[in-house]
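The structure appears right after this line, and notes come after that.
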Amino acid sequence: MMAVGVYVLFFACVLLLPPCVIGVIRKGKALMQGRVGAPLSQPFFDLFKLLGKDQTVSQTTTWIFRSSCAMNLATTLIIAGIVPWLSFKPIFPGDDLFLLLYLLALCRFMTILSALDSGSPFGAFAASREAFLSMLVEPAMFISLGALALIAHSTSLHVVFDLSLPCSTYDVPVWLAAAAALFLGSIVDLSRMPIDDPTTHLELTMVHEAMIIENSGKNLALVEFTHFLRMAVVYGLISQCMMHAVGRLVEFNQLTAAIVSVVSILGMAVLTVWIESVFVKLRWRSTPEFIAYAMTMSFFATGGALIGDMYARHGL
Amino acid sequence: MNKQLLASVILVPFAVAAAMIALNQTLNMQLLASVILIPFAVASAAFLLEDLKQIGRVVAFLSWMQLGLIALIVYPLFAGQTERLWLSADFYLTRMDACFVLLTGVVASCALTHGHLFYQREMLAERPPTEKSVRFNYMFAMFFVLAMYAVYLCKNLGWLWICVEFTTLLSAPLVFFSRTKHALEATWKYLIICSVGISFALLGTLFIFASGQHGAVSGGTLRIDELIAIAPKLDPRLLRFGFIFCLLGYGTKAGMFPLHSWLPDAHSEAPAPSSALLSGSLLNCALFSIWRISEVVAASQTSTLMSNVTVWLGTITVLAASLFLIRQYSLKRLFAYSSIENVGVMLVAIGLNAGWLFFLQAVNHSIAKVSLFLLSGNIVQATGKKNLPQQTGLMASAPVWAVLMTMSAFAGTGAPPFGTFLSEWLILMKAMDQHYYVNVALVIIGLSLSFIVVCKHIGKIILGAPNPNLQYFRPLASSAIPALLVISSLCLGLFSGAALWSGTL
Amino acid sequence: MQIIATFLVTATVLLWLVCSATMAALAFFGKKINHLVPSTVLFAGGLTMLLAAMFGWQINYLWDAPWPIYLAVAPLSSHLDALSSIFIGLLAVVVISVSLFSPGYLEHLSHKINNGCYWVELFLFIIGMLGLILAANAVTFLVFWELIALSSVLLVVSDLSNRQARVAAFIYLGATRIATGFLMAGFLWMHSLCQSWSFSDWHFDQHATLIPAVLIVIGLCIKAGIWPFHDWLPYAHPAAPAPVSALMSGVMIKVSLYALIRLLVMGGLVSPWVSYMMLAMGLISLFWGILWALVQKDLKSLLAYCSIENAGLILVCISLAIICHGINMPEIGALFLAAAIFHCVNHGLFKSLLFLGAGAIDCRAHTRDLELLGGLAGKLPWTMFFFVIGSAAICSLPPLNGFSSKWLIYQSLFMLANKFHSIWLSGLSMSCIAILGLVSGMSLYCFTKAIGIGFLGRPRSHAAEHATEVTLPMLAAQLLLALCCVALGISAPDWMAVMQPACTAAFSNAPVLSNVYTIPMALFAFLIAGTSAIIYVLWLSDQTNNVKKYVTWECGFGDLTKRMQATATGFAENVTYTFSPLFLYSARSKIAGRDRRHFPEDVTLQVSTTPVLASRIYMPIVRVVNWLGERMLLLQAGSIHLYLCYILLTLVALMVIGVLI
Amino acid sequence: MLVTVYEVIGIMSAVVAVLMLGSRNVQIQLSMYAIQIWLIVAETAFFAWQYKQPHFYIIALTLLLQRAILVPLFLHGIARRLNVTRDPGMIVPAPLTMHLSVLLFGLSFFVGQHLPMPSAVSGPIVIASATGSISHLFSGLVMMLTRRLALSQIVGFLTLENGVYLFALSQTDGLPLLMEMAVFIDILGAVMIAGVLMFSIKKSFEHIDVSRLKELKH
């Protein structure tokens, strides 16, 4: 009975949370800019509207363009299935962190190809940038998660992110550093400010929006939802890291953990709002320098994990 | 002129040989006599027969017959019936000498058989040689070969020296065959440089004689076996000088690096069959003489220094030859330098005092090099050009030659699975076991470099668009001998069983 | 079992030898050669070889060639065991697909190359690789090694009139000969230490074996295209005909890496110096290869550079296996070894697939230059499909085989880090993980470029516009390899069991590998495919919505021309700019026009990258050697007096030696 | 030590060889060479008489016939037929080469002293005649190195051979007849072939200046 409840709750979150997150971000930005802004439920309306529409497709496109969004959504759903981004997530077999990273890569692969498929200069431009950014951010993702795996002595995510596992003091900095690295990475991965401005209308400056410039109708709806979902999952992962860091001080029981995890995802959204309203978009050439910070944080995480283990063995 | 020469050349020796046959009852002696007789027969044929084609056939036939006779003679050695074929204290054959004799015989027969075709073709060239020169060429070739047989027969340093000197004198006319300015120049250099060298060898021989005289036995001796027997008692300093002079002298003949200068000229100017003879058998003779003397030295007190000197000279020769190969503009000079490189390897083998490895390398090198020279003769005749730049697109216009050329080039530069690779490999192994690490490294560098460079030149010849001014004549007949040689080299590589030199490693 | 396996192998080799002999004879007499016969023979041989591999996998059998075949010091002996039969299996699969692919491919070269020669050389090349895999002693090894080298060089120049191919072949020849030199030195040294030629007697555990080990490593790394010896590879592989480049890149490189495993890992090398040197070389070539692959415009040289990357990856695994053996962690060493072998197999498969795809493009669009391709998706749909699969595999995307071996590598790296043997070692393996992450990102970049520019968008040239799909057998060849990629990806855990005996042979107490491999790849594959199918049917299929075709978005100014698409150079520009020092990158732009600031009329941009090692190190060396060659000729100046002078000098020198020493 | 006939003769012929270098006139060179060989013949005969070795008389005879009469006449004939009179010499002017070889004479004296020759065997004749023979070698080589004409090179070569012979005579007692025969044949063949070649050189180049035979290089 309990298990079924968990499943229902989880799938509800998978379907409902992502639009809420993006809604919160938009509303928050509007407020920060002194506008009223659209209601929180606006993303739902948009998605339904788009799902009702037919699609207009460039005649140069091929099956890649048509199928990529389906594959992306499927892969992202599976990612949502294996990543413990919510505390009340049913455990999925083979939820390996390297698998996770390569599933993300799979999404990126299909997205880039579909962007190139139409032969539009904007798409190609954005695709190249996306590939470059992901290439730069990949190592940070790898070893920040790797550091977490090191302190859990396992690469399967439900073990790594198991709150009930004992967690030594040495691990707190690791969790924090990893969270920071992941957050900086997520800014790149989800193409938010200051790397990419999702709200501008100048194709040449956009990354993600320019990649999906050719999508329309149902196709666009699916792409959008995939993106929202991915955002929710990544934010969830980061907030889990924070919870572990805090978990050293506060003791969570299952209910609180669940509530906190959902709330903190929205909290991440608010943080994003703040950043997007405070920072300006970086010049393209200076994005590597930004990503370098993510790399540094992940180095800290790894070093922390190693040294922490050394101390844990031999004492100070 | 011809007539008197005929008389002089034929009648006298015929009488001598007949006398020998009459005097000696033993089969071997008679066979030997007939072997000696054959060149005179050739000579007589060369001047009696009208048609050059016939002469060619006769020579080819007689050369193979000679080889057969020799095989008959030396058979007991390999059958294990006897250790040495005794003729006199100064002349007898051991198994190794017999091997060399057979090798020389094979080389000579192949060269002359191919030469039959070659000289026919030569008569059709735009500036053909005179018939007289061709006749002389055949005659001198046969006597030259006889002299080389004699080299292996001698067990007396004095006689050895004489025979080597004779090889020089008899091969000079071969180089002079096409009476052009270049041929003349090459011959002059060959004659002068080799004579000077050889006179130093004489000096060396005298030193060895003196060393025997002062060190061990009053009266002195030049017989190899006696020298080896008393080697420890030989006066070391004299022996050392003797060896040095002999190395210098015979090394000049063998094309050791600083003294090789005559070799490319002679090899490139001589007609292809003669170059094959020079490269395939004459070099072996000279090296064999060095080997003879190093045998004595190895048995004496000063062996290490001498082997060091020889090995180092060999190494330097290999390196220098491989550097020489980099920039070459003429087909036959290229192969001449590659012969020098192989000479270096053989010198290393001699320095390591590994006689059988020296022989093995000699066999493989001779086989590959003969086929290379014969093929290059074909190509030069077909295009009428000696220079490398004019030779292109061979694969397109003469595929058979091209394939054979490539394979024999691989064989000549020691690429597996050809025989040369194995012999070089064994020599290097020996050197490694005797801790000549630096030499091994240098030799490997030299071999690799020469392989790359030769392949580059060959590639330039083989590849490219078809060559318009190349007449592809008689593909099968002209490539029969080279094909035979290449196949045998391959067999030497793959089927060289341990039994062949089980005693030598 | 042994009898069957050896019989199969021998039968295959004999079959091929006979066939090549007949080909040679036909070519000799200038007969026309029909491709059907040799390709059938090759196919059949491939099948028998596959069978032999299956049987041989369970045995460990050493046999010598019969009398009179003997190589002077050692018999021509072969050793068939689990390890070698895995590689034979790889060879067999690639050979089968090549045999399917070749006839159709040769059609478009028929006027350029001599078919007889091509087939003979191909047979010899494959026999050489088979022999090298089986070789059980040094001499046999060298014989087949050189056979491979020579035959593949000849294959590279099989197009006689092509100058570029000639240059490539020469560079390749030089490189491989130098490799042979190193190997010769190393083998001789080992022989003088161990007094035996057979590999089973060679143990690299004493200190004395350090130098020969280094020599052997260098020799093999040259052939495997490892940095800094990789410079020949991007010349040779693209220049060869596609099936040959598939074999060279797919199998030949692996064979030399196999030799590394056979000699050093099986030989129990412990020296940390050698292993760390190998690790460094591997990591550098990992990065270097993919970095250069990214900026290539020629599809095949892109693939060639990518092979360098993968060779580096495998070398990293091998060296880590050795390191683990050195610090006495056999259970992880075995994992690394398994990863290395598995990646060898996988890379062999998808790289040959990609090369065949490139060949298909080459013989249909008559160019490999990405700047001239594009829009092939409509023209060669199936080729594109297989190429996409291959690229996905090489980007190690799940659920394909690339991922399964990459995952194994990551897993073993993580386990090594997780052992906390020393903080440095753990840090090292974590940073290896970081580098691998970077590299996998780069390869994603690289292959999205290859597909996106090569196949997608609109044709950039007339040739690309009129290309047509290749023949059925050629597609079958690609299909076979693609299926293998998928199969090895999905059934990865079962393939662990295949590698078990090899690893157990190397590391006595190796873990049960199939327990290590926990991911249910089949399940994931099914989930991804199923879910996306459902989604497609629900929303995207033509039944559910009527799709309106329209031009690509062009901001409303008329139609886009085909020059308004991204170019290969432009797509990779980010990387070229960021790593410009490593490329010696230079971009020169020229803007012409009456008022060039406001109304530019003619704008040209020239970018150029230069290989650093080749231009800064190797070319100078070559120049020095040539210079020496030139100088030597001055010794041979033609004056007889000079020559006599040499005699005098030598005399003096020798006398000095004679007197003093 | 007491001066013996051998030393006197050996040194004398060496001196003659040195003097031979001084002249650029081919005729003079040839006659100088003839003088050397006459001296050597005399020495041989004396040796035969003193040491009671009859076969040295034969050797002396052959020497006389071949080298003292046949070869010089032959070369004279060639010189006349090709009407060459003067050898311009190359690099070093003739007088200087003479002085050079005087230096080498001194050098060869030192070498002769340090040659590992246990002089117990053939008595006092060792050092000085060693000097003589080695200086012959040097003079011969210098001749070959510094003369342009093919003819002079032959003469140089013959001088060198004289050195070898002298060495054989002085350093090894009871030198086998064989070696002498060898030298005999060697000289004969070499000189004959060289003569033939010289004619054809003259024919095709219109000169016998071997320093201009530089076509074949590399």
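Letters A, B, C and D mark the chains in the order given here, with residues in each chain numbered from 1 onward.
To be clear about the criterion, a contact is a pair of C-beta atoms (placed from the backbone, for glycine too) under 8 Å apart; a residue touches a chain by one contact, two chains touch by 3 or more.
Not measured: the values here are computed from a predicted model.
Path length between chain B and chain D in the chain contact graph, taken as the least number of steps between touching chains: 1. Among the remaining chains, not one touches chain A and also chain C.
Set side by side, the interfaces C-D and B-C show unequal numbers of C-beta pairs in contact, with more at B-C. The geometric centre of chain A is 80 Å away from that of chain B, both derived from CA atoms.
Mean C-alpha position of chain C lies 69 Å from that of chain D.
Centres computed as Cα averages put chain B at a distance of 45 Å from chain C.
Centre to centre, using the average C-alpha position, chain A and chain D are separated by 101 Å. Shown for chain B are the residues that touch two or more other chains, namely 188-189, 192, 196, 241, 264, 327.
Along chain D, residues 141, 144, 153, 210, 213, 215-216, 218 each make contact with two or more other chains.
Within chain A, no positions touching two or more other chains are listed.
Counting only pairs that meet the touch rule, the chains in contact are A-C, B-C, B-D, C-D. Considering their complex, residues 156, 158-159, 161-162, 165-166, 169, 172-173, 176, 179-182, 184-189, 191-192, 195-196, 198-199, 202-203, 205-206, 209-210, 213-214, 219-220, 222, 235, 237-238, 241, 264-265, 268-269, 327-329, 333 of chain B touch chain D.
Within the complex, the chain B residues that touch chain C are 188-189, 192-193, 196-197, 200, 240-241, 244, 247-248, 252, 258-259, 261-262, 264, 305, 309, 320, 323-327, 393, 395-396, 399-400, 410, 415-417, 421-423, 425-426, 428-429, 432-433, 440-441, 444-445, 447-449, 451-452, 455-456, 459, 463-465, 493-498, 505.
Only residues 633, 636-641, 644-645, 647-648, 659 of chain C touch chain D when the two sit together in their complex. By the touch criterion given at the top, residues 115-118, 121, 137, 141, 144, 150, 153, 157, 160-161, 164, 167-168, 171-176, 178-179, 181-183, 185-186, 189-190, 193-194, 197, 200-201, 204-205, 210, 213, 215-216, 218 of chain D touch chain B in their complex.
Interface residues of chain C facing chain A in the complex, by the touch rule stated above, are 374-375, 377-378, 381, 388, 392, 395-398, 403, 406-407, 410-411, 414, 417-418, 420, 423, 426-427, 430-431, 433-438, 440-442, 444-445, 448-449, 451-453, 456-458, 518-520, 523-524, 527-528, 530-533, 535-536, 539-540, 544-555, 560, 562, 564-566, 570-575, 577-578.
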